[in-house]
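Next up, some structures in structure tokens.
After this come two complexes, each holding subunit A, first together with subunit B and then together with subunit C.
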Partner chain A sequence: MIKKRRIPRLLQLVLIVAGVYFGFILTFDVILGQLIPKSLLTMYMFFVITGVLMVFTFTEESTRELIDPIKALVEDPSKKVLRNIVFVIVPLLAGIYTYSSLLPSFEAPVELRTIHPAPPSKMKAYGKRFDLATLENPYRKYEKEDPDKFRELVREGGDVYIKGCQYCHGDKLDGKGPYAAGLNPTPLNFQDVGTIAQLQESYIFWRIATGGPGLPAEAAPWISSMPIWEDFLSEDETWKVILFLYDYTGHQPRSWEHE
Partner chain B sequence: MQKRNSRIIMGALFTAVFALFLLPSIVPGLDASLAFADETTVNLDVDAVTYDPAPKLTEADYPKISGVNSRVVVWIVAQLHLWFGAFVLAVPIFVFIIEAIGMSTRDQRYDNMAYEFIKISITAFSLTAILGGLLVFCLVLFYPDLFNYLATIFKESMFAYALLFFVESAVLYVYYYGWHWLQGGFKKWVHLTLGLLLNASGALLMFLANAWTTFMMSPAGVDAAGVFSGDTWAAIHNFLWNPINIHRMIANVAYGGSIVGAYAAFKFLSARNKEQRAHYDWMGYNANFIAIAALLPLPFAGYYLTAEMYVYSQQMGITLMGGVFAWIFIIQAVLIGALFLSANYYLWCGMGRSEGAHRYNPYMKYIAVVLVVSFLVWFTPHTLVLTNAELKSLGGPYHAILGPLGIMPAKNTAVNLLILFTFLSFMFYRRANKIATVPWVAKGNAVQVALFTAGIINIFILGTYYGYYTNTVYKIAASIPQVLTTLVIIAISVAIDAFMYKGSKEVAPLRWGRVPPRSQYALFLLAVSFTWLMGLMGYVRSGIRQHWHVTNIFRDNSPDAYTPGLGYAANVISIATIIFMAMVIFVFWLSTVSSQKSQATGYWKEQGT
Partner chain C sequence: MRQINLFKLVLFVALLLVVGITFAKPGDLDRGKEIYDKRCTWCHGDEGDGLGAAEGYVNPPPRDFTSGNYKIKSSGFDEMVPNDDDVYRMIRDGMPGTSMPGWSSLLSEQDMWDLVAYVKMFAEFEEAPEQQVDYGTPVASSAESIAKGKELFEDGDRCVECHGKTGKGDAIKGLKGDASERTWPRNLTKPWTYVGSHDPKDIFARISIGIPGTEMPSFADPKSKKMLSIEERWHVANYVVSLAKTQRVVDAENTVIQADILEGDLPDSPDDERWEQMMPTTFFLVPQIIGKERLFRPSNDTITVRAVYNDKAIAMLMEWDDRTKSIPGDERAEKIADKPIQEDGVAVQLPIEIPDKMVKPYFGMGDATHPVNIWHWKSGTKDMAETVAMANSRGFEDIEARDATESGLQAKGSYHDGTWRVVMVRPLTTADPENDLQFIEGRFIPIAFAAWDGSNNSEKGSRHTMTTWYWLQLKPATSAMPIIMALLIVGLFAGILFWWARSAAANKAVGGDS
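Here is the complex of A and B:
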């Protein structure tokens, strides 16, 4: 009977981990064209290694198979040369990694920017105070009550958008307007299911009316280039453009009641 | 003598029961709060009382002690009190269940285990009380106006709380010290009833304390200036009270299970013989089972709580999940994933107790793949940490593929799969030592495979179509059928297995104690992760009030009114976790000391006969 030759466990572990690592890079960076951020890849790989170790060590037999070569490397007198090489290379690699991580660079530090800054409970705009918990779009009701009027309001909102917003947020509302490339952070992509689809209309009203300078102090400094639109748009225009944002993207504002 | 003692104990018991049930009528105003009465039954006698608005404080109104950071002290003491409180409320819940199992199966091992569990919690009870007292002192010392304001509104419930604590202690002591006395027949039923009473008083205590906490988050029964209407029940029954009650009740059980699991692991690793190893292995297995059984519904209870916070206040919801606290949620996701991974690893290692496990071992790698992939989705953040080069390459902070994984529909799908495959690990574990003898084994297995397949497809459809292509009402509502699908799969699979393995053959007797020591470290990891997780999320829950003592009505004007940085908060919680773990190890150590005896030969004077 021929005994099936198996790849040693330790090598299996290395191959799987390397395979998954390069698999991520190949899939995201090459095939999909959207690179995988290093910070996320590090987190992913930590738990991939944990998962592989779990599978390889839950039986005694498999654990021994994995650990024996490492033990032999440390304890077996016949592996003295290899041991010495490994014992030099490993600390050296650790040292190089530490040195390169701590080496000062011209790279700006990474930012933990939140896409949805928390709104205040009340806001001031157009010379009035608004309670964001109860604030609703006064035109939303026409969606059911008077669809023709609603279409007209959406069209007017579209005009506002084209005149004021599309330069940054794009004519497809995807955040890729002509000026977008010059801005960091880039303008919001309204088509993304993680943006306006998650938010109530009162939130959008707050963001448009008070713009970048109206962002909360809690998470300062903000670097948004969003203008204070209450200086340029009327309250009505702001609500209309909100109708347009949702209508064009097909999203619905966040709400708590069934239609 | 014994008869007299019995009378005394029964008298004490009767008084405790009497006090518990008559408390609402003894304490003025509490009838409205405890009897869950009609909300219109406002206390007429307090109508005449006028209440002051919430005070407007200045920095000078916060007493200081040189060299003491009042916020950090209150924070750590409150957290330690909560950890111990959660533990001592949880243990009686599953002790009651285990005792009942022992009664119905007449297997004394369960009774002994239940006794050992309650024994561990006894020292923790006194620590809970000491820390509770310390917390009150700290609040009165450092935040007197806040405490006074809350005490004005909750005076009845605070008084009831203090009295209930006596009731709980009385019942606990009779329950614990009477364990071996109240054995067999009717006496056992009396003992079990005491267990029920202990749980009822414990739960009520927690509900009352939850009311004060949630009032600070979602105040009710007060006007915009903080003037109390006099309706205690309205203040207690505030918007977030029940979501917190549900979440904490389930979480406590999971947490308590993990702590006694750590105790069993501690005893297992320090065991000196095979019998002890076998006993503590069995205990650890049961503790882990309790922790995992409660952990499975916990993400849904958490989701419900968070969704309710969002309903209550858009500001709170976004601050939690999309604003400054979002990164703590990523840590939370990582820790919850770690809980699932360690629970699974413990089960897989435990299969070594059975001779028949090798049949299922090859499947574990597939379970691991699903667990890890689900876990990666579970903690993928919506806002990525990007270097400038990465930002440039992506053309902005939005990732077309990973971005959608950062929102809740993806998380809900992932957590349902995590739960289902953890359950699958458990099913394999249960089957490992059994050989089914019914003729329809193949059909039964086929039905289960079909059930899992259909269920997973359903979870995916609900998560993707409803999660991404409908509005938020359906998006959030879709999580309910997702949960139900998971629960239905679990329930039907358990039922099928129960019939399929009825009268099954055992491969060989289970070898309790034959598990590797590293499996015990998985139990430790479970306990530490739970503790850290509760601390971090507790901070977030409290922190979303931001610069308010009571949201929007009572402003915090102390020098510490600002929201601390995430790193600072994580450090405080980590230090608190280390303190708590040190105290828990002390409790474990005490339990070993109490059973040790030293022979002091020649020390004591010989007594003449």
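Here is the complex of A and C:
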């Protein structure tokens, strides 16, 4: 029988944990460009390490395989040199960690907010109550019934957009308007398939009419620079600008019918 | 035989390339119109006259293509027609410092050439320009070239007349554009606002042909008394490039103003030299377009802040470029600015309490449950000295004026060469913790700013520029605590490991004996 040479269990464990850790960093920070908050990463890694340890210590034999190399390092006289090295490095690492975690932090606190929070079932705007579950764009029907009228409505929506929205959301609707760089959170990119393409028109109506201050707490309404548009736009204008957003980007709003 | 084939292939490919380039370039008018009507008409108007829906809402105003004036071009100075390439570049890269974005992310090259053809048609441009900018032999930047450029820049008020001594565009005369709109000379220290790029070659072109439709003249025109040779123009271009104030560029990653601790007195004057040692942090200013009366055409885009504190008080220096010192009633100020002029101003906004959790007051002057404290400095009028006022507000509508002196707030401003510097000083703690923020070392304190340019469309009240929330931190003095704790931990770990090894060895010895 050929005995397969395999990676020692302890090394396997270390490799798996390190692989998951760098996998997270690679996926979020490098590929997606979304810095993963340290606290969240710590929590994930805690679960990962616990899970891996549980698997690796499932049987007594596997536990022994895991612990033996460590025991050997401490107890085996032939490993004296390695032992001395480890005995210098481990306390030093602990010291460095303590030092750096006790140093005062100059990094701004990380703020997590929900970008598309769940909408309320009902909302108030223009002195009326709207049921968001049934609310529809009154102009959407003209897309099929009267394409000429629809084009005219889109055009009017575009005028509303250019006077009110392009400063932040941009002429290209890409969230990169002339003032976008000065805002945090940054304005939404409507060209992105993850924004208006995923939402219903009633949701957009809610977001425009009540603006940043109309957001629920999990979306941090105190930092959103979206104005309360019911103060500046009529109900009609709001529906028209929504037509424009979808028309210009080529996205389709989600609706109950298709789901 | 083989070689000839290869040669033929190369020739064929080269031919294809040439044909490709020449055929790709001439734009298709009809397709151009189609794209224009979808993408461009909003600002530039159906007729290309700059009277789209955005008219009056953006600064500078959208270009009127029917006028035939192309500001950014590389054809000769007495030539109206731009090169196709000039128009193409503007469409592709956009124009920094304006509302014109670069379109290459949304349109194909062919789309953009089609637009070039269509846009040129508004001024009935058909022939290519005859004259071109003569770039001569470019002069590489060097200390010597920059020094020569500076001399030419200042000589006989050549450039200083409009761009100011330090290049910040602090004009001494009012300027108008071809749509008789008010224009302001470029602040040359802010490279990100150069409409036609900050490349020395592009700057050379601007100097050589001027900016048509504005009062920026050609310095290659032999009729001009201020004319410069090609070499001289390269020196000036190199000097202009050297004016960029890199220390005052926004670093998006840096959102924290670090206040260092100081032994002794704080610098309470804006001209105190010690401010130079404090770390500057620069933020974007955006116009207030969120509530009440809005401002659509701001004149300023950044503010730079430094802070320092001692055991009693904190001092902050706000620095921002403003082309005009707006003092209502002042003769010089009223000569340059459009009336009515208002006072210049700056404001600091802080929460009343340092938030424990993520929740902050609404960044636009607080909200009903989370009030903010505002410090507002104004430049004063001809008959009245500068002032600093304090208010607590719970939103735009609910503003309560307070006595700044009771909280010990002081402010002092100074204006030099196109830049305002204002210092505000307040004790770390006050007698009224219900209404004043109490500064605490080490904590992250939300902070926001607003600025008013009284000469720009009479900025006043809610018509101003502003920032979102950033952070202020009073950097704690360095202590020995971290190093002591670290040494303790090292000792502890080493001890445990040593003990473990010793006891293991002892066990082994015992085991071996038995």
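By definition in this document, the second predicted complex is superposed on the first by the 166 of 259 C-alpha atoms of A that agree within 3 Å, B and C clash if a C-alpha of one lies under 4 Å from a C-alpha of the other, contacts with A are read in each partner's own complex, and residues count from 1 in each chain.
FYI, contacts are C-beta pairs under 8 Å (C-beta built on N, C-alpha and C of every residue); 3 or more make two chains touch, one makes a residue touch a chain.
Computed from a prediction, not measured in an experiment: that's the story for all the values here.
Look at A:254: by the touch rule set out above, it reaches subunit B but stays clear of subunit C. Contact with neither subunit B nor subunit C is seen for A:72 once the two complexes are overlaid on the shared chain. By the touch criterion defined above, A:121 lies against subunit B but remains apart from subunit C after alignment on the C-alpha atoms of chain A.
Look at A:85: by the touch rule set out above, it reaches neither subunit B nor subunit C. After overlaying the two complexes on the shared chain, residue contacts for A:132 are found with subunit B alone; subunit C is out of touch. By the touch criterion defined above, A:14 reaches neither subunit B nor subunit C. By the touch criterion defined above, A:51 reaches subunit B but does not reach subunit C.
In the superposition on chain A, A:63 contacts subunit B only, with no contact to subunit C.
Using the contact criterion defined above for the overlaid structures, shared-chain residue A:223 touches subunit C, although it does not reach subunit B.
107-108, 111-113, 176, 181, 184 are the residues of subunit A that lie in the contact sets of both subunit B and subunit C, per the superposition on chain A. By the touch criterion given at the top, residues 311, 313-315, 318-319, 322-324, 326-327, 334, 337, 341, 344-345, 348-349, 351-352, 361, 364-365, 368-369, 371-372, 375-376, 379-391, 393-404, 406-407, 468, 470-473, 477, 516, 518, 546, 552, 563 of subunit B touch subunit A in their complex.
Within the complex formed with subunit A, the residues of subunit C that make contact are 38-39, 42-43, 52-54, 57, 98-101, 103, 105-106, 250, 252, 255-256, 258, 283-287, 289-291, 296, 301, 358-364, 367, 370, 442, 444, 467-469, 471, 473, 475-476, 481-483, 485-487, 489-494, 497-498, 500-501, 504-505, 507-508. Residue ranges of subunit A in contact with subunit B, taken from their complex: 28, 32, 34-40, 43-44, 47-48, 50-52, 54-55, 57-60, 63, 107-108, 110-121, 132-133, 175-176, 180-181, 184-186, 189, 192-194, 197-198, 200, 202-203, 218-219, 251-259. Of all the residues in subunit A, the ones that touch subunit C in their complex are 71, 74-75, 77, 83, 86-87, 90-92, 94-96, 98-100, 102-104, 106-109, 111-113, 158-159, 161-163, 166-167, 170-172, 174, 176-179, 181-184, 191, 212-213, 217, 220-223, 225, 227-228, 231, 248.
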